[in-house]
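In what follows, structures are represented as structure tokens.
What follows is subunit A paired twice: with subunit B in the first complex and subunit C in the second.
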Partner chain A sequence: MRQILQVFLFSLVLSVCQYTLAEDSSNKHEKEFDPLEMISHHISDSHDWHIISYTNKADEHVNISMPLPVILLHNGKLHFFMSSEFEHGNAIVQKGDAYFKLYHNKIYLTNANGDLEFDAENHPKNEHPFDLSITRNVGSMWLSVILILFLFISAAKKYKGEPQTPKGLQSIIEPLVLFVRDDIALSQIDKHKIDKFLPYLLTVFFFIWINNLIGLIPIFPGGSNLTGNISVTMLLALITLFITNVNGNKGYWKHIFWMPGIPVPIRAFLAIIEFIGIFTKPFALMIRLMANITAGHIIILSLFSLIFVLKSVVIAPVSILMGLMMFMLELLVAALQAYIFTLLSALFIGMAVQEDEH
Partner chain B sequence: MESLSLTSIGLGLIIIGVGIGIGRTAGSAMEAMGRQPEISSKIQTAMIIAAALIEGVALFAIVVAMMKG
Partner chain C sequence: MGLLTPDPGLVIWTFFTFLLVLFILKKYAWKPILHAVKVREETIQFSLEAAAKAKKEVEKLEQTKTEMINEAKAERDVLIKEAREIKQGILEEAKSKAQEEANKILENARVLIEREKNEAVQDLKSKVAALSVDIAGKLLEQELETTDKQKAIIDSALKEVNFN
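After this line comes the complex of A and B, so read on.
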């Protein structure tokens, strides 16, 4: 049964790829290489999943990418089409009486000619439709969710029945789960309370770690900058904020608004600072993860851009060697940032649920 | 261009400060680990938390610099 399901899924993925691989070739040879554009393209979200682009023998620029579904909400109507209809921003898509145009990975409402109006800073002034598309980051997130579910459900199945020595996948997963429980949760949260928060901490640890690692894969299904996207990290930080404050006990709120044991004027002053502190802590979590992962991607891409900017073969070995070293460092950072996010979440939760000793 | 270079100088100053801060934290933590190897895991956790909080300052600076241009 399981094998049938696997074969079915695999063939589904293959057929989707075959039917939708959009080839787009244009005759724009000798285009100047722009590292800034390449890097910003790689670290930002996009409406199609870029696979490879090259210049063929006829000097045409071939760009192969997997189109993704675009879902737009405009004037109460839902429009659904594939992003290949945009032809990488060259075509205007008409749905009903609305015209949509893709410009720098954002969808704008235009007239029938696809004219965009620009303001003084060269940003289009046209309106956006409400964009609910399955973008590259969403696709990458779904991929990671499938991976996480597969890894953990298949490891969890082995715990049914008689206890036995861990083997296979289980012997990798078990120490990691125990690490999160003992070194992260138990060190910050009271022992009899961790059961309530451990599922969240484990989920956030493995979600961030696996997505960081997927982001480091340079070829097709990987490479999207998911944990370096501010909306993703903001949502994770908001969940931490929510859990911390919903579970905060009397002592936690007392320490924020009426700190015991200090003179009254300072108490009022501290209340303001502590109140702002509720929000700055998750804010720092959000920015830390986003900045670290995005910075890693930018550094690696800049090192490889050096070859094309300086147009020299001599620089290639140096650049590849340094790129390799950065990749090694990023492997460490991927785990470290997941650890820090989980540890600080556990710390904030632990402070909120801690019993008063004095 | 003027404001860009000023933000760059500001960022540089903040990074020097954060570098000194994290460097001192790590240095002291290692010294403490050398003195008391048996509690080194506790020291490491405390060090990482402190380093992460110091790093937060640098990240705020980066965000402000990005917003400025």
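After this line comes the complex of A and C, so read on.
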């Protein structure tokens, strides 16, 4: 565990050391501030980990960011290089006979000149290689994982030996763990069945919560919109869907396809609805988490964009005050959404495994 | 819309990362924590029950103790009362006996005194009688002489008399 941590930190330091100082020719300071572009850039994934941008004395726009590894699968071949080779979309990367170009944080296959063909809606029509890159979100997720593992494993180590009262880290971790066990798992799932599902519920709760919190940190390495990314919420919702249906007992399936105590024609009708319900429940989980977290990011970024849109310092106190309020609210939402996701997962699992009482 | 399109690369990385975290945490965090908490809860439950039992026992002991103390007190009171009665009895008896004895002694003394007195009176009587006879003899002897002389004789006779 400690070695993994050391390797990660070492590689992090190495990467930061070779940060790219790039002069962004397209971003001269005369350019109008575009809040939409800024916000969409912040809430979507990225191939480099932005640290800071500023305009230096020579009036050049300087972008300091940590390059991230790009892993591409194209024509059965795996290409591996650092995202700094793209030079923020200005350079075309040639690997074998394939040319790759970064455009709005997406990698496209191009010809040797790097030409992109655009459709009517101004989206490039070029093909994508299969992108397995370590993006900002993946990096942020690994950071959160290290934090989670460190917190919980070091707390768990203190439980060896005779029963004792919780001390230090334990006294923070334990109430949270017991909260998930008693108020989420035990309230929804039969007591003798929770042991099987508790590890998932605990992991998903802390995974979402800590990633929500990391997303709220405005400076490097926080601020990634990981739990507001549909890929992540979809995966978590799919795991809940999988666990629910794999563990669903006879009563659960009977209630879906042949609801007892109801006239037969309605049973058939209900079966269709219930069957769709299997998928709409996790779908709602996916959308709810993603929308809540993304919305929080958008609101906070919009409030601060106001200063630059109105080009006035006077609006700054208002933005900061409102931003502060939103941050407070988002702190609540971070915990609340983790709670809701976990509670509903527990509810679905609980319904699938409950003993038939009819 | 880009925001709602899942990115397969991120899905794959999230999948592996999440599963890894799930298994590591399950083994090294949740199991030890939940187990320890369960053990502790059971220990607390057990200790509480034991404490309640012990408390009941102590209460019972306390009750027994109080009962014993009360019994002992009652017994002591009875004993003290008896002792006091006995003491009183002894004292009274002793007093009456002493009184009786004293009375007896007084009676004896009185009898003795009476007897002694009687004897003394008797003795005095006989002595007075002898003296009277003696005086009368001397008077008769001196009758024939002068009255002055007689008077002087009587006086001298009286002087000679010792009533002891």
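FYI, the second predicted complex is superposed on the first by the 332 of 358 C-alpha atoms of A that agree within 3 Å, B and C clash if a C-alpha of one lies under 4 Å from a C-alpha of the other, contacts with A are read in each partner's own complex, and residues count from 1 in each chain.
Definition applied: contacts are C-beta pairs under 8 Å (C-beta built on N, C-alpha and C of every residue); 3 or more make two chains touch, one makes a residue touch a chain.
Keep in mind that what you see is a predicted model, and the values were worked out from it rather than measured.
In the superposed model, A:Arg288 makes contact with subunit B only, not with subunit C.
In the superposition on chain A, contact of A:Arg181 is made with subunit C only, not with subunit B. Of the two partner chains, subunit B is the only one touched by A:Leu343; subunit C is not.
Once the two complexes are laid over each other on the shared chain, residue contacts for A:Phe130 go to subunit C alone; subunit B is not touched. In the superposition on chain A, no contact is made by A:Ala98 with either subunit B or subunit C.
The partner of subunit A that touches more of its residues, comparing subunit B with subunit C, is C.
Once both structures are placed on chain A, no subunit A residue is touched by subunit B and, in the other complex, by subunit C.
Within the complex formed with subunit A, the subunit B residues making contact are 41-42, 45, 48-49, 52-53, 55-56, 59-60, 62-63. Listing the residues of subunit A that touch subunit B in their complex gives 183, 187, 284, 287-288, 291, 339-340, 343-344, 347. If you check the complex, the residues on subunit A that touch subunit C are 40, 43-45, 71, 130-135, 137-138, 141-142, 145, 148-149, 152-153, 155-157, 159-160, 163-164, 173-174, 177-178, 181, 195, 198-200, 202-203, 207, 229-232, 234-236, 239, 294.
Note for the complex: subunit C touches subunit A at residues 2-15, 17-18, 20-22, 24-26, 28-37, 39-40, 43-44.
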